[in-house]
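A, B, C and D are the chain letters, set down in written order, and residue numbers restart from 1 in every chain.
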Amino acid sequence: MQVNETFKPTVVAFCCNWCSYAGADLAGTNRLQYPADVKIIRIPCSCRLNPLFILRAFQRGADGVILCGCHPGDCHYTTGNYYARRRMTLLFSMLDYLGIERERTRVEWVSAAEGAKFAETMNDFVETVTRLGENRRLEDLRCKSE
Amino acid sequence: MRHDPLIPMLAQVTDIRQDTPDVKTLRVVGLDGKKPFLHIPGQCAMLSIPGIGEALFSITSSPTNEDYLEFSIKKCGCVTDWLHAMEPGQQVTLRGPYGNGFPVDTDFAGKDLVFVAGGIGLAPLRSVINYVRHYRDRYGKVDIVYGSRSKADLVDYQEILDEWSKEDGISVHLTIDNPQPDWDGHVGFVPNYVKELAFDTGRTVVMCGPPIMIKFTLAGLMEQGFPRDQIYTTLELRMKCALGRCGRCNIGDKYVCKDGPVFRLDQLDQLPDEY
Amino acid sequence: MKKLPLSQLDAFFAALAAGQELYIPAGDAGTAAFTPWREGLKLTPALNTSRSAKDLFFPQVENLVDFKVTGKQIEIIENRAPAKPFVIFGVRACDCRSFDILDKVFLADPADTYYKTRRENGTIVTLACTEPEETCFCTALGIDPANPAGDVSGWIAEDTLYLQANTGKGSALLETLPMLEEGEKPELDQPVFDRLPLKDLDWSAFGGERMMEHFNSPKWASLAESCLGCGSCTFVCPTCQCYDIKDFNTGSEIKRFRCWDSCMYSDFTLMSAGQPRPTQLERFRQRFMHKLVYYPSTHEGEFGCVGCGRCLQKCPISMNIVKVAGTLGKEETP
Amino acid sequence: MQERIKAKAIELLESGVCGRVLGWKTGEFFYDVTPAVFESREEIERDFVFGPFCGANLSKYLIAESRKGGKVGAFLKPCDTYSFQQLQKEHRILPENVYAVGVQCGGMCDIDAIRAAGIKGVLDVEEQGDSLLVHTLYGDKSLDRAAALSERCRVCKSKKILGCAELIGEQGEEQPSARFEQVAELEAMTPEERFAFWRGELSRCIRCNACRNVCPACSCEKCVFDNPSSGAENKAPANSFEENLFHIIRAFHVAGRCTDCGECSRVCPQHIPLHLLNRKFIKDINELYGPYQAGADMDAKPPLVNFQADDPEPSVVRERGTNP
């Protein structure tokens, strides 16, 4: 795979309102560095993430999509993230089955106290997506022409 | 590159008038400030806001108005919501005119006319009424029966009061569905009012309004003995192309966008009842 | 008339493709499609393509115009791809007739310039049928599958392809192909056309007349009852031409595109004011009334059907124009 | 079999158990059978047919039929009964208005399979033991019965009839099936190969919605793809993204509810192997969360509205592959 040195990926991070969004906030207040290419979208619970959102993020130019939610067992709504876990596992498996790079999608559990983990996760994910290069297999060319 | 009929021209909304709580009248001119095209009363045009959608509206201004086009638009869906939220100066896209229009210079000429409208149904008739007023000597007596839910829902109320009612040979009969304190006019539904007014059966009737109004008014007119070839109405169906191709407004062997929207009752009798 | 040994077909295709894009029917039975020719691509063994040849003139999706919206300003950006000449080889007689039907819709004033440009740039080379399917009924609609029309008519007999130019465009095309020799096609005896099960289809009950009688027939209810409301019949049909116009917001501009639509869909006629065709019965009836009655009534009795049999093969529940016409056309038993 | 079913249909009507029965109606040819509602002995005697081309799954029609008032009789093949139960479980079919008769099935043939074998102008078919004698416009041809079967019947998962008031034919059993083999073959490919495979298949999509409209699991009143307000309205396969989007979301939406009846692939006019998408989800569910067959058990909790605290993490997808 060709690695483009200047390639800056667009990464969409869907963050649960209760844990991961607060974790991102903490990362910010602690001045932990993570790439500005990460666009955070706050959702009420990781379980709110409709698979359509992920596909539409790719359509609109995302090169990688990550979902962050409360750790299993810690969901604000008790069990939301358990359902999200099954859904995302199956969806990612399906994307992989269609030949879409399996590294472009990820789920990480990040609590409100884990600012450092949030920054680390984003650094790692952006690095992975940068290595993969531009999203080609799930792109909508209409949205890429300027 | 040849110009395709599906590609619209740009136009600008210069004035927006709030007629009733849910009807606004937009004044539209071309980018050169002039009226974009000529039309016949009853014809329609496609207005669109890119990204929202395109929809067909009847042109409510009279062809005798040489400065601009007007559209009276009731808020009832995606495109109309957007048009209602618009401010003067906004550009829109426009294509047209479409449809057959009313036979103002042929069948209507010299006739005594009765216009029957309900609610936003006045919109397409306003164009004819103002045309008839302009060429007053070409037509006989004119009666306008117009009804709405309430006084506030009467479209063009000021124009009706200030201009139409004051014209010689034109009688305006307004009615609202329910009594209200500041209303001393007629109260009741349009079909009953038309019956009460007992027009001469030799007159030509032009109708536009909600289907239920049309249905009962027609029943009344039939009872009074009006011939079916003296009654005109307009149809409304979903349209995308306005060129008789996209297939939505197809009723029998007619396309409402091209062969309509104005039909005589005896013509409608020949068509499947799918409108 | 020109001829060419079939052994030279590849060279013939290569020569055709040198001057313009060439489409030939390729692929397996069931999925065959008009495909841009490339080295090694072979003609399909199937009688006809799964989708019809209309796609090349009236594609499923096409961009009409772009808009850029900035504040209250709108900019119209016409960026139509420049027209390129192309040849379609191997169009069957039925599909070739469908172009006449589509022409009457799209070329009527004011002409649809997207369609018109493609029609002007496309040269149609037809191919006579030798092995019809049991679902074929073009002969019942007055089409001769053994002598197809087109800019160039083609026949394959024994090991030879015969070509006859019918139009100026056709002659001009054949003149560019040096490998063609002069030759006369032998008389072909094709008794199979007389054995087709649907050859005696009688549609005399239809046409522009008796519109209201057919429309009001009580038989529609049972005909339409199992219709799934999908669009497969309309999308594989060579004469279905309904479309939708939609806007797609790319984030930086609006693309207004046209795509096929189907009168079988529940939202086809849905308006904020109501739904003139509220159930599948009305939608189903619309499609068949249009082909059998409405279109003929405005086009000198010509049916909006060419007998290609695609809807017979593709309908998920096997309800099709032959069954509809058969049921409706049958005289009432007292 | 056909005569026993017709006799039963007439009995159901004449005894007053049902006001109408749902079955299959004969067509122009031997294979173009249409699902139909029969209301009289005459109609049944004249038009009712049951044979190797009655592949259509009637369960979806019961959603509407069970809401029309009165009791409707329905003849269901084993795999149709899985859909029947699944739809009851989702409260889409009102079981009290349905009198279901299970009919055992020897595997349904597919006219497209016969055509795909290169046989043209098919006029009639005679079953002769394990082979078919096909009469055509071009003489008689012989074909293995197995080659004429629908793909789903070649890998039949169960002959078990579920939830029916009575049976015609023997009750059958679940049986070992090779239905996941093709999925496994795809999984063994590299992502590039899989991508190429699916582009090749999905690029044929014409978005006719036949797969969606025939699917017993797709029973939404208004599909997200038809709804202009959903933000995901998607009417035409404008490009590869939209082709993928529709099929991924459709398969996902029926995941855990799809009984693998195979109707989607049967009806696809473009012969896209849509069942391979649904089976991928079924295979994953079986492997990750334990065996589950939609429609088999009225009480089992569907896997996507269920969880275990120790379910595998989504990273299992990344980790299990050997291809980077």
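Here is the rule we go by: a contact is a pair of C-beta atoms (placed from the backbone, for glycine too) under 8 Å apart; a residue touches a chain by one contact, two chains touch by 3 or more.
This is a predicted model, so every value here is computed, not measured.
The set of chains touching subunit B and also touching subunit D is given as C.
The chain with its CA mean position farthest from that of subunit A is B. Comparing per-chain C-alpha centres with the mean over every protein C-alpha atom, the closest match is chain C.
Between subunit B and subunit C, the centres computed from C-alpha atoms are 39 Å apart. Distance between subunit C and subunit D, defined via averaged C-alpha coordinates, is recorded as 30 Å.
Note on chain placement: the centre of subunit A and the centre of subunit B lie 53 Å apart, centres being C-alpha means.
Averaging C-alpha coordinates per chain places the centre of subunit A 46 Å away from that of subunit C.
Contacts with at least two other chains are made by residues 142 of subunit A. Among the residues of subunit C, those touching two or more other chains are numbered 244, 248, 261.
Residues of subunit B in contact with two or more other chains: none.
On subunit A, the positions that touch subunit D within their shared complex are 51-52, 55-56, 58-59, 72-73, 79, 82-83, 85-103, 105-107, 137-142. Those residues of subunit B that touch subunit C in the complex are listed here as 1-8, 10, 50-54, 76-77, 80, 87, 89-93, 211, 236-238, 240-241, 243-248, 250, 252-253, 270, 272, 274-275. For subunit D in complex with subunit C, the touching residues are 27-29, 31-37, 56, 61, 111-112, 115-116, 118, 120-123, 136-138, 204, 206-210, 212-214, 226, 235-238, 263, 266-267, 269-271.
Interface residues of subunit D facing subunit A in the complex, by the touch rule stated above, are 186-187, 191-199, 224, 231-232, 238-239, 241-242, 244-245, 248-249, 251-252, 255, 277, 280-281, 284-285, 288-289, 303-309, 311-318, 321, 324.
Against subunit C, in their complex, subunit A makes its touches with residues 60-61, 142-143, 145-146.
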